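Just below sit the structures, each encoded as structure tokens.
Next come two complexes, and both contain chain A; in the first it sits with chain B, in the second with chain C.
Presenting the complex of A and B:
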């Protein structure tokens, strides 16, 4: 399962990348790490990932718009929004555009692994 | 799907078997009916043919007689009779052959395949007919054609017919009867079979119907029970529960509590957002609409969007009666589709308040940590010195405030000024040490004092309010001192600590415990300069006395905080212990509390309650005598016992221990002011002292 990590924070990207290697998430291959929505879309078109972890507030192109365009390109893509809880309406907008789940920052290791497990569960 | 079918078959197996049986019986019955009817038809045909044969035998006879009559009288051949003779003779001939051998009539005129005679009677009859008919037919045959017709053969044929017709008729009649009997028998069997078949079908129908009814009744019971259970759950559950349909309408089932939780009626079929509209802001309503739409869709994972629920804490109610409601939404699935959302509404006020309290407590802990870090940044000796001075100043203020109720109005302003000076000093010193905890409280204290001073007209009630600040400062002193003690005393083992330190610690521990149990606040202070020099046995006895008197002081003497405040006292009761050398090898141990004092009135009531003294005797006692009674076992001023008081054994224990040390005890007490026990013990080896003495100031 191909995973694309989208977040403007290098620390968060590294942390998600480390956790994606957890034994509870078998066959999770990281195909890219993007710092903003625009970069994420380029990687998305190239790699056609199955799963995306999506930050919402990012420079250049935000998570909601990136989510909308990714779903338009590949309807069965699984998108987990990972963002601060302070902006519930934006998170709801991302879900309306086709994201499947939401995990708020800050999160524990277990919370992220469980959320990824849940979001890819058929 | 297959599972569903298997389940259906298992559930309705009996009914399916019954229906299959019904169909089988019907098919068997119809098959038998067809076969039997065919057989009956053939037998009836035999009967009919043999009937024709029988009548034909008579027609043949009549034709012969007519031919004979015409031929003899007119010499003419009766053509009609000849024709009848020919036809009937042929029929009899063919029928006789068919009855013997089976088969069809020539030309298959009737289309029937006749069976050969099969019963013994029929076989016999057929044989007889054949044997009678063959010669008959041979005689008749020449008469059927004009070419061969003659008088002589006619006469022979008529003679044969006259001689044998009766027998022939009888044989054919036997055949007819046999066929009729068999038709009757077969018809009877068919009738019985039909009746049995119908009965079986009826029985099967009744069985099936009963089974179906029973299942229907059982299933109705299950449904009724399930409905009752659902009803009971909905009537009992504390949460407000209801369903919403995909077009956001409120479903028909809802819990009884819903109305109480929402504090309004929820009409069935009402639009969810119309219901929420008056309770939330337009933004929250819009977010709620998005959230509910997402849950009705299939794309989002339910467990991964709970945290986005915009209705988890909805503030309702007006100022003063503010409360919080929590709405929770869960999908109800039918197959893979979301058929409903289950909405759970709870009063979340407690949870929200608790969360706020936890947040406040965390913040307080953080502040306290900061204070303690500041304390650590100072020299502990400086801090201890500050605490000592502060405590001393606070006790002075406390003493001043305690006198308020007995002072006249004009003195209060002077007191306010005096207190202000002390508090200001505490504020300055704490600021010097960067102890913001004290500085803050002192500042608030000062602000209230300034307000009073500026007002000029200060009443007793105003002064009582000031004790709150005093309590806060006392508590801060204790808290910081405790912290310092823990830091500095962390490495000191039990054995290394002095006997007096252990004694004080146990007094404070007991004081805290009993005070907490009784809802009181108590501070234990001690000056025990000689305690560490006492022989171990003596120290143990004094320790026992001290703990018991402390128990009495907290349980009986110290008032509850509210009562103390009303009396103008600090909410915190004081119990002070002292143990000192008063010369002449004598040790004095005193225990003094600032509680309500020993009340002769209460003791009189206790004595009356104990039932040991007649009311007249109690009335006759002096107050002093009455008070002396507390040293008697079994007398307690508390009605009903707790683990700390009420057994009436405490003072008895004290007296015993005092006696064991050859000491003497005196008591002074004053209502709403204090109780003090003063004991004097000779150091071991000195002369034995006097017995117990009581001194009381009412």
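Presenting the complex of A and C:
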């Protein structure tokens, strides 16, 4: 399964990359790490990932807009939003645009692995 | 002057305690929260991260923490890259998380920016009000400051 990690924080990207190698997530292959929605869309078109972890508050292009555009390009892409924005309308908006899950920051290692397991479950 | 109520300040003190508790199983403690006194310097440590707030509220949320505290946090996250860039990134992400979590209380109309970070104080730090709220945070043996400088937009 091809995974694209999108977050403007390098530390968060590195952390998600490390956790994606967890034994509970077999066959997860990281195909890219993007710092904003615009960079993510370029990588998305090139790599056609199956799964995306998506931050929301990012420079240039935010995560809700990037989610909408990715779903338009590949409607079976699985998008897990990973964001600190803890109000309900924002989560609902991301889900409405095509995200399959929402994980609030700060997250524990287990929470991220479980959230990824849940969104990729057939 | 910041016109937030005590319960609204508590949103931020709870968020900072939760952040460290969630990531390290050792919540941060709030040593005190006060309205900055006139002419008093805001406590600034090695790295600072600021989120600008717009929409129905305006102002900023700034976290400033010592290098050793951020390094210790990175160790707790199993992060081996402790470069200057990563230390700044971490303090920015921390400020972003605290402001983002506060939207659970303030709602989506409190719009937040991406973080601005700096070694030491953030240049141009005056956001207009005379007396922001200063929340002094303690985690392990380290002290940090969280400055909440927000008011309702008229």
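Operating definition for what follows: the second predicted complex is superposed on the first by the 120 of 122 C-alpha atoms of A that agree within 3 Å, B and C clash if a C-alpha of one lies under 4 Å from a C-alpha of the other, contacts with A are read in each partner's own complex, and residues count from 1 in each chain.
In this section, a residue touches a chain if its C-beta (ideal position, glycine included) is under 8 Å from a C-beta of that chain, and two chains touch if they have at least 3 such contacts.
What you see is a predicted model, and the numbers here were worked out from it, not measured in a lab.
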| item | value |
| --- | --- |
| Partner chain(s) touched by A:30 [first = chain B, second = chain C, both, neither] | neither |
| Which superposed partner A:17 touches (first chain B, second chain C, both, neither) | neither |
| Contacts of A:80 with chain B and chain C, given as first, second, both or neither | first |
| Which of chain B and chain C A:1 touches, first, second, both or neither | neither |
| Which of chain B and chain C A:89 touches, first, second, both or neither | both |
| On chain A, positions contacted by chain B and by chain C | 85, 89, 104 |
| Partner chain B, residues of chain A touching it in the complex | 80, 85, 88-89, 91-93, 95-96, 98-104, 115, 118-119, 121 |
| Interfacial residue positions of chain C with respect to chain A in the complex | 18-19, 22-23, 74, 77-79, 81, 85-86, 89-90, 92-93, 96-104, 106-108, 112-114 |
| Residues on chain A engaged by chain C in the complex (per definition of touch) | 8-12, 14-15, 18, 57-59, 83-87, 89-90, 104-108 |
| Chain A-facing residues of chain B, complex | 283, 286-287, 290-291, 293-294, 299-301, 303-305, 307-308, 310 |
